[in-house]
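Shared chain: subunit A. Partners: subunit B in the first complex, subunit C in the second.
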Partner chain A sequence: MGKNRNYREAGDSVILYPENYINDIEGEKLEDMCDIFLARGFKKIIIDFSETDLINSIGVSIMIGIIEKIKDKKGLILFSGLKKVNHDIFSIVGLTKHIPVFSTEKEALDVVSCEDRLPM
Partner chain B sequence: MRDKLLFNICPEGEFFGRNREIDYIFRRATESHKSPNIFLTGRKWMGKTEVLRRVHRKLFWDQAHVVPVYYQFRRYGSVESFSEDYLKEVLKQYFAYKKREPRILKSEVSIDKLERLLIDSDSFELAEFISRHREAKKSGDKTAVLRNAISAPDLITLRSGIPIYLILDDLDLAPYINLFNEGPGIMKEFMEALNSGSFSFLAASSTKKVLEGGVSNGSIEAITLEGLDEELAVSMMMELCRQYNIEFDSEILTLAAFKLEGNPNYIKNLIWAAHRADKELVILKDFVDLYANELVDGNIGFAFRSSIHLKGLSDLRLLSACANAGKAVSEEDLAEKFRISPEEFRKTIDELGTAGLLEASLGSIKWVGDNVVKDYIFYIYETRVKGRSAEEVKTCFIRDGLKEGFNFKGAKIRGRFKEEAAELVKKFNGQSMLKVLFRNQAFSARFKNGPPKSVEKKIDEDLILPQIIGCFDTLRWEANETGAPILIAHGFQNSRYDSGNEVVWIIGVKEATAPFNLGDIENFVRRSIILKENFRATRIVRWVISKEGFTAEAQKRAEGEGIFSTDNVQFRIISDSIDDKAKSERLKSADKIVPVKEFEVVLPSATKAELVGARAVEEIGTEMGFDEDSIGQIKAALVEACINAFEHSKMKSTKVFLRFVASGDRLTIHVQNGGADFDKSAQSESIAETTSGLPHKRGWGLELMKGLMDEVRFEKLRGGTKIVMVKFLIKKGEGRDGQE
Partner chain C sequence: MNMDLSLERLLFNLNTLAELGEEITSPKDFNKVVKSSLYMVMGSFSASKGLIFQFDQDGRCFHPIASKGLGDINGVGIKISPEAVKELIKNNKPIDLKSNEHPVPLLGAARGEFEKLGSRIVAGLIVKDELLGLIAVGDKFTGEDYSVYDLQLLSVMAQHISFSLHSHSLLMKLMHKFTENKGLYDNLRRIYYDTIHAFAAAIDAKDAYTRGHSHRVSAYSAVLAREMGWDKDAMEGIRIAGLLHDIGKIAVDKTIINKASPLTTMECRELNSHPVVGYEILSKIKFPWKGIPMMTRNHHEKVDGSGYPDRLKRQEIPMGARIMALTDAFDAMTTDRPYRPRLSFREAIGEIKDNFGKQFDPEAVGPFINVIRKEVLGEVDSPTIVPLLQEQLDSITIHRMLDGFPEAII
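Coming up: the complex of A and B.
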């Protein structure tokens, strides 16, 4: 997870900040974090990728698993701060059809505060 | 555990680099229609038996389309003993497979006991073959005994509807089975039975000679098992060294892999020898000592002693003469020189042919053994014929080995560049190419040391390449010549196939680490004058290619003599554009040439090693002028390719080899592992969506590479696969496919 901060709680939402390279190890750390926050009752999770330069296919697999888990718990997941290449990667995989993507963490937070604006 | 009950194979940790062949044969064997017969050939100890047994094992456990039957030929006392053994194995293995009981397969049962077993299991249709065998044997009808046995696979297939897949090992021993004493061999009849059968077979042999005389009815596919390529052989040695706690230096292992010609059995024996003797493989002498000992007293020497049957000193002299001749020798000359009767001579040649050492064809004999056997023949010749002591010959091996190893670096690269040059020339087919790519002096003046300068106009002229119809080396004419190897490329120009348009290119190829110098040019000029005599009526073009370029004097002399000259950079541009018509069109003017730059990175198997490659490509891409987004895409695709290469290497200590070729309009990335195939099928099989609508979790690597790069292709290599990815450089004002 990110060097200075791993996560930030904002009301009933939590923002996670993954490392600059999401591979199997980093992906699993992210998954563990999500599990913890889901167990604590957080239903709105924003993953901010602004510090992430690369996500490999194993990282992508883990991300899909995370999304499944959150959706199973009727939670909400949003992405923000995606670099162009990571947006391309999620787009190739087809994740951008399922997950709302925002330019910044703030935009994502604004939207979760009025949840009904979100495409579900 | 279940595998132990089938035919013996080597432990998984010691098995390297044949998965591609095994998977391919397995796929062909299990195709729904009758698959083509396969003939697997390769030098002795190259691992053919291992491949066959692993194919058998896979067929036994992993499919239900065919019944695998493995049979290894040996020497038999009579045709009856072969027939009984063969019939017993066919019936026993068929029965074992049907019952899925591998214990039966390995059990040593007599034919009577097998008959009882079949009857007790109500397999009367199989037991019937044994009863017919007994009757034919009792009446002394050898032909009937043989026919009953060799027709069994076909009849069983027809009756059961489930085809047998016959795996025949050491087929080269089959011609030694005679129907009567000194009578005709069974080969013709046996092969007819195979070819007319309703089943398919896989046969392995050290020599292609068994293919002569109608072995195939046309539907045979030949696969040659070569030595492991250098990277794979070195990976194998490293892995074994680690397993046996042997200290090593990778340079020495590279040398050893080269000397042992990538032969997996030699490699294993050498490492075992190091383990037994508690030796390291750190310095050159470690290897040379072990090699000499292995040949003289070790397992390699033992294997040679037990498989090369020499009846006397005349056989040895004959073998030594062929091994050292360096070319085919006339049968007549040999028979006369060694005073051997024609019958004896034929017998000896046949025996040595079966041992995979000599090949007789059209009245001449050629040495076809490898260099390790050659060294062994040298050893026994020197000790038995010349009377030198074993220690003296061993010392000689060590001395020569040290000298050879010392010059190894140069030796290692010899041949590769020459092969590349020959391949390139064979692609000449009337293309138009800039003349400057064949004139090193002009090329250097224009492109070296800074941006292109404006020089003489005629370098922008085109050279129309001939249509080359064949390319070969000059060893036949220049056996004792020194200097750069020369290739002869024969062809026609102007698309006219008459004498006036016939052309011969005499091509000198220097691949040493020093540039082509004046001495080299003079040597080339002298030799080309002699070689020209072979093509008197033909137009001659002389071309020298030097990997390390040319000295100024050499450039000047080549220009003065009208000799084309090309260095590595020019060579790559020619090579690149000859494969790519579009690029060739774009290079209409010398101004468009941007010399190719190549970078190589070797990644060890370590956590996040792929990021080292990503970092390298970021530097290269930035230097080339790719924008940030494109660099991100290239990095991500490269990371995927590296992960795939490591994942599918199936070797703990493998390395991944990256080559980046930066040319004017594109970056080409080659990613190669030292092991098994990249698994394309696994990559693409799970791309559908899940029931929840989300994409499937696994198998996105290849899709990502394809999505992020402009071209992705797989190239099959010996013992592995290479991924080649291309990203085109889009400059300002240009668009992909002509789009803005």
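Coming up: the complex of A and C.
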């Protein structure tokens, strides 16, 4: 995981920091981590991609797996720090229409602390 | 969708196809390849559910080999009719299960099974008119419908995955044949060894005193060969030669072999004929190891040229025969014989020392002493020679036995 840390808890939210690359099935570690936090009762999950250089179709599939699990728990998922190349990929596959995307982790955190400001 | 995004989508899909090609030709574990391939397909269409099935030709049943978004699906099997198999092969393009177009109705009950697993589009994995499996993807996460372009892309991806399944299927068939042949080979090998052991037992049975002699010479020779750096195959050869080295004694009168008193010239000639008789018997056999007949013929040669039958000198004698000349004599000395009781270990080593460079080859004597020393000092995991001797050895005896040997050989 990036920044030598996997996650950061912030109140009732958790921020996950994925690897530099989410391009093979090793990326499922991120999905496993989500499972752990969902099991612990966290329902607001921010995935910060500021350290992620590449996401491919496998990464997209893993992201959809994560999104589905969070939706099943009636939780909230937000993306932040997406580089342009990754933002484009998420746009191509339609994820950006369904998941709120923020420039920074702080912006995403500000929004989850005030849920009614969410655009969805 | 604007033009830029279309171009980007095209690039994204091309990139995915390139990665899929790389994945299916990678040397990774087959299950990982299939799983990655499925994820690539699902990621391309933003599908939240997907499966890859392998088709069991005999049972006409699809079994999942990779899945995502479906939880535990172990034990799932979807049967289809022979007609549906034919039509899937003939159609050979992705099928939308929501439509009622041909050949969807032919899937019969299987259609409902696929739908229960969240499948929306299925594509046969077909190579050379053979149905190897099927890929099924669920609805798009985004709620959008599948376009004609999507189905074309899925068709290409399915072809890629088909090749992977085909290669795996060929590999499995080869592995099956290999396992079958290996089983047959192992059986033959066991019969071969059993036969050689039976021969060795028949040879030793002629002489009550030499019971186990062939086995000991075989074991000692193999250990000595290993100490001398022989490879595994050559070691196996000398192990077999050790078992058979006295096979020529089958032609020698039993009373001569067991005679306690000195032999007459005729008797001695008959007994001494056994290496040549053995050579004649063994040279007619095509052994998988080299040199067995010659090791048998020359195991009574001496390095000074005074042995028999060919009176060869040191380098003229095959190394295997020089090894066996030593281990054969060592075992003869350390076991009881009709004409004398056994010598002690120290006495036997004394004889080797006295005949060093005359009867016995220094190239073999050095490693032989070395391996016995290692066994006594517990430096080897499974000792071979020392446990077969009829006396206990200790480090002091070993130290003493080295006295008198040239330093260079030890």
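The criterion applied here is as follows: the second predicted complex is superposed on the first by the 117 of 120 C-alpha atoms of A that agree within 3 Å, B and C clash if a C-alpha of one lies under 4 Å from a C-alpha of the other, contacts with A are read in each partner's own complex, and residues count from 1 in each chain.
As a working rule, a residue touches a chain if its C-beta (ideal position, glycine included) is under 8 Å from a C-beta of that chain, and two chains touch if they have at least 3 such contacts.
Because the structure is predicted, anything quoted here is derived from the model rather than measured.
Q: With everything superposed onto subunit A, say whether subunit B and subunit C fit together or clash.
A: Here subunit B and subunit C cannot both sit on subunit A without a clash.
Q: Mind working out whether A:Met33 is in touch with subunit B, subunit C, both or neither, as first, second, both or neither?
A: Neither partner.
Q: Output check: A:Leu16 vs subunit B and subunit C. Expected answer is one of first, second, both, neither. What do you get?
A: So A:Leu16 meets neither subunit B nor subunit C here.
Q: Does the superposition put A:Ile46 against subunit B (first), subunit C (second), both, or neither?
A: The answer is neither, since A:Ile46 touches no partner chain.
Q: Just checking: does A:Asn56 make contact with subunit B only, subunit C only, both, or neither of them? Give me first, second, both or neither.
A: both
Q: Does subunit B (first) or subunit C (second) touch A:Ile66, or do both, or does neither?
A: So A:Ile66 meets neither subunit B nor subunit C here.
Q: Once the structures are superposed on A, label A:Ile77 by its partner contacts, choosing first (subunit B), second (subunit C), both or neither.
A: The answer is neither, since A:Ile77 touches no partner chain.
Q: With the two complexes superposed on chain A, say which partner A:Ala108 touches: subunit B (first), subunit C (second), both, or neither.
A: neither
Q: Subunit C has the stretches 4-12, 256-264, 274-282 or 328-336; which one runs into subunit B?
A: The segment of subunit C occupying space taken by subunit B is 4-12.
Q: Quick check on my understanding: which residues of subunit A belong to both its subunit B contact set and its subunit C contact set?
A: Touching subunit B and subunit C on subunit A: residues 23, 25, 56-58, 60-62, 64-65, 67-68, 88-89, 92-95, 98.
Q: What does subunit C use to touch subunit A in their complex?
A: Residues 5, 8-9, 12, 15-16, 19, 32, 35-36, 39-44, 46-48, 68-69, 140-142, 144 of subunit C touch subunit A in their complex.
Q: Taking the complex as given, what residues does subunit A use to touch subunit B?
A: Per the touch definition, subunit A meets subunit B at residues 21, 23, 25, 53-58, 60-62, 64-65, 67-68, 71, 83-85, 88-89, 92-95, 98.
Q: Under the definition above, what is the set of subunit B residues touching subunit A in their complex?
A: Of all residues in subunit B, those touching subunit A are 607-608, 610-611, 614, 628-629, 632-633, 635-636, 639-640, 643, 689-690, 692-698, 700-701, 703-704, 707-708.
Q: For a test of understanding, state which residues of subunit A touch subunit C in their complex under the given definition.
A: Subunit A residues touching subunit C: 23-25, 56-62, 64-65, 67-68, 88-89, 91-95, 97-98.
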